[in-house]
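Listed below are the structures to be examined.
The two complexes that follow have chain A in common; it is paired with chain B in the first and with chain C in the second.
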Partner chain A sequence: MKKIKIDILSRVEGHGGILVTIDGNRVEEVKVNIYEGPRLIEQLLIGKDYKECLNIVPRICAICTLSHRYASIRALERALGVSVKKKVLLMRDLMLLGEIIESNALHVFVLALPDFFGFPSITEMLQEHREIIMTGLKIKEFGNLVMKTTSARMIHGENPIIGGFGKYPLNKELNEIKRKANELVPMAVNAVEFLSSVKVPNFCEGKEKITFMCLNSGEEFGFVGDTVLISRGEERNVDEYENLTNERVVSHSYAKRCTYKEKTFTVGAIARVNLLGERLKGESFKYFKKMYNSRWEKNPLFNSYAQLLEILFVLEKIPSLIDEIKRFKNPEIEIPEKVSGRATGAVEAPRGTLYHHYDLENGIIIKAYIITPTDQNLDEMERFLRIAAENLLKKSKKDIDSKLEMVVRAYDPCISCSAHLVKVVHK
Partner chain B sequence: MKNVTFTKRLKQIVDNKRIAVVGMGNVDRADDGFGIKVAESLKLEFPDRIFIEDEGMEGILNTINERKDIDFVVFVDTVDANEKNGTLLIIEKENIEDIKYSHKIPLKLYLSLVDKPSCIIGIQPEQLNFMQPVSEEVVDGIRKTIKMLKSVMKDNVGSEEKD
Partner chain C sequence: MKKKIGIYGFTGCAGDQLTIIHSEDKLLTFFDKAEIVSFSMAKSNNKECELDIAFIEGSITTEEQRKRIIEIRERTNILVPMGACACFGGIQSMKLGDGKYKERYEKVYGKKKITIDTTFESQPINAFVKVDFCIPGCPISARQFFSVFTKLINDFRPVLYSFPVCTECKWHENLCLLIEKNLPCLGPITRAGCGAICLDHSIPCVGCWGPVDEANVAYEFKLLIEQGFSPEAIIKKFRMFGGKVSQKLVKNLIGKYV
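And now, the complex of A and B:
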């Protein structure tokens, strides 16, 4: 029988690549290119009623659909002076935790693990490490369940709205989530133990500490806040999002770039764990203390470890969060009294800080500005690709392509599953 | 492939095992809706044995692995095999060459994650453009695949579903 090669044909959600130009043993140029055409979502919002916003912005991403929805709700509620009840905030926390766990599990177990174990893909890795991958899929399935229960659909759920939720889950649905979270904690602990036994390569380790940014979630580790923490003790309000990111256009990519004080910076799980790790609790805190060291401040490959610690934190957090949610009655939806205003809302999406800003006049959006985590990380990816390429060239050119891909994948960008990510040109 | 031959071969591969069908693809991209449309149609008659990708693959695979009343899994999807448009294919697990990561998790991975014997029913698409109609050849393939899978399922799980 003839052998058949199956190429994957559809569900394309991102096109990107890397071009590294090497002259002899010198890295001449590093470019991360995003080929996916601009979708002009911000422009699409102009002139629309603010109520339509929540139907449009989550479509930016099917993975981070709820993060976009939540950031948009936060901005719109601030602009319109809407204050919601405690139960609404707790339910929103739960839905975001579902998305964090789902997205982190996909990256750690499906996309990143083969890099650490030297397999070309998860398919080959399955033969030797089936149990750990099946654990990852169970955790991801759980994330899907939380997202579906809170938002009413697994992807692009419409249940979270301005002023509250369209409907609230039944206690038996919440109890089921709690039961499954408790069941998964020991599996996540095993996964952390498993990954902590792997030595993280140092080929992309910088000499300087990385500048990290994430939202200040308050006393506890978390994913929502109104101020941004920056390495070395700075703290700024999210309203200063333009000065925090300084977005600019580059000629070689459709995605914008960001810098802070003219330097590149990193957002995402590694930023959160570096800045807020001391606020973790339970087993996740125990493993943070065990695993964390100064290399986490200089090497983006630790992002997968940070994501795994977040998974463990979320699984431990959800049961108590559900107990708290059940204490409150289902509140009425708060209706905005204002129709004009301007505000910024931000949440920690799985890949990092996500900003939404809107100006509204008489209920109509007149300005919309959205800054995504991957945009913020792109300059930093180029910086670490250069570090990696220079270090690798000093030793051996063997496997340079796959190692550079590993650097980009570490950031968990939306293009991380692109085929042929790296193109190395030797002059 | 002739209809009769196709059905006969599928029956040989399935070998009277109690099957589940997983429909995969994207209905917004023309012929890529093949697997989903086949599964949606069959779900009416075999609600407990038909799974659709949009329900979440992790959950589907875990459920299939845990269910004792499923012995064989048929994945239905669009495949590029350099065949004539609309050509139907049965691809057994051992005949899938390795494929690289792309934007979608490789089918081979799904087959590897299922603890049970499995195969793919694939169709060569004509077009995969966004919001375009399904080609005539693939519409014909959908009709034939539904008929053939119904025949196989009625033979090995039909009575069980009715009990």
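And now, the complex of A and C:
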């Protein structure tokens, strides 16, 4: 019996490992272990003033800090009957786009790219492919700028609050973002053009179509909505988050697991592009039409390409969004009408649908429930690790470890990992 | 000879390591002046050897982490916790010592046993090992990190801000949120270094950098009572980020002042 064990995953946000047990040519067991230390955040929120919730939940994750803040704001405002002005909604869209593009660029260009070109990391890739890596880093830096301008800091900015923003950016700052976005579009097009020529391996392609889930963003492609679209035309309200995710605890992970109708499902960029791709516009739509095919429905490795299309969409979207933001005056902060209520709010974080639910009584949180995208993807990751291991065992057993890591990394989990700390343990 | 550096993450959001990673331009210049032997969030091929300096993010919440921080300390000359979690315990230590950790744990994970590790209530790094300096922040400021980094690799003693956010805010000539706007701003009792960024945005300070040395907690407490907050709500507010240090600071407030 052979065990493939990845102990400490490097280039990751968080702490995780993989254990694949192989008996001859048969895959016996696949486990994605999450040993990130628990913080029990939901329990810490109990008894807190609802305003303080926004100081705590963004700290769940430094990469998705604004997604947590936004999902929390949506839930709290719904619960307390706050409706904000158009400018506030547009500014929130802008901040979320900043986070999506920053996180997607980090994953595509820094973490996943070396896999597709067969390099151990971007440092080794830099000599041969400097231009594309520099493009990626510029896009990432741009995302950081958008996050900083809208939220006040690159990480854990406190500017977006219930009812509005503490302060609005100056037109000068918004114009700078617009200028940079326009400048980056042709560079991103080149990157898409270049990367679309790379062949996506089929070792982790399933036979059946994946069940995808993402928020229904309305007529246009986007990252905010009140209902969840599910493959094969199903649509459910975010209030049904418990039935949509069915969280459960497993013994090898401090992250919970999710299924829908007892089946695993996928969230994230690949889900969004599969379900909403027809709603893309401009260059991103052009490349969607050019690149998309039925393999995207069966192979998680296409997630990086979906992220790339989203990068292009965001860069093209931001200039018009800024023009719209500038048309409105800075509104006053809206004060809640109620002090009690309960509601769910969701946004698409870079890695997929993020749900926040709160029950409030006299302004105090009495129940809190948060479901993160990585939780939702973990079962699916194990399923595809098994598919990949079975396919790889039929062929050569060379490189099996690094290929399995590639599968996990495709999901861009908060435990996305590198190819260098694999341990093969012979029993 | 170049100093050997290790950068490690324990329980937290990874925002301090990410702050370092976000400083791409500086990163290459500064890191060239030392040998970064281990930084698993940012690079591969990490070596675990004797270190001149270790920077530690996150608090300790599991038995494996406890063993690992002791092991890192044993092979490190200068050990520097960075960020509110490592320095004080962070948000996950806000209810430290209330005796209800097990109850909270079971509310999240139920009774099902998770076998990969055993957990306990979050504690800062200095609860387990000796620490040499602390870089506070939630997240840390890149500027302060690189200032400490540069001093340490050149064998100088780093200088950390020892005044409150309130001072930084005054430099920016902001209208006082605490006195003039009647908002619960923790600027006077919170350690500076963030650049009073929230206050510049008319958002009251929530104390994310932890308590400043010799913080006048009693007077801040009195001001917030006057604003109409209950003693319990104020104590919860004071304890949001400061973990173990805040736990001590608020200890006698209610008995003494209410």
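The rule we apply is simple: the second predicted complex is superposed on the first by the 403 of 427 C-alpha atoms of A that agree within 3 Å, B and C clash if a C-alpha of one lies under 4 Å from a C-alpha of the other, contacts with A are read in each partner's own complex, and residues count from 1 in each chain.
Everything that follows uses one rule, which is that a residue touches a chain if its C-beta (ideal position, glycine included) is under 8 Å from a C-beta of that chain, and two chains touch if they have at least 3 such contacts.
Note that the coordinates shown come from a computational prediction; the quantities given were computed from them, not determined experimentally.
J.: Applying the document's definition of touch, where does A:Ser121 land relative to chain B and chain C: first, second, both, or neither?
T.: So A:Ser121 meets both chain B and chain C here.
J.: Using the superposition described at the top, determine whether chain B or chain C touches more residues of chain A.
T.: If we count touched residues of chain A for both partners, the winner is C.
J.: Going by the contact rule set out at the top, does A:Met154 touch chain B (first), chain C (second), both, or neither?
T.: Both: A:Met154 reaches chain B and chain C.
J.: So, A:Met134: does it touch chain B (first), chain C (second), both, or neither?
T.: A:Met134 contacts chain B only, not chain C.
J.: Using the superposition on chain A as set up above, list the residues of chain A that contact both chain B and chain C.
T.: 8-14, 120-121, 123, 137, 141, 144, 154, 418-419
J.: What part of chain B is in contact with chain A in the complex they form?
T.: 25-26, 29, 32, 54-56, 58-59, 61-62, 78-81, 89, 91, 95-109, 112-113, 120, 122, 125, 128
J.: Under the touch definition given earlier, write down the residues of chain C that touch chain A in their complex.
T.: 9-11, 13-15, 18-19, 22, 24, 40-46, 58-62, 64-65, 90-92, 94-95, 104-105, 107-110, 112-117, 119, 122, 138-139, 197-198, 200-203, 206, 208, 233, 236-237, 240
J.: Contact residues on chain A for chain B in the complex?
T.: 1, 3-14, 110, 120-124, 126, 133-134, 137-138, 140-141, 144-145, 154, 417-419
J.: Quick check on the complex: what are the chain A residues that touch chain C?
T.: 8-15, 33, 35-44, 47-49, 52, 55-56, 59-63, 65, 120-121, 123, 137, 141, 144, 152-159, 161, 165-167, 249-254, 256, 418-421
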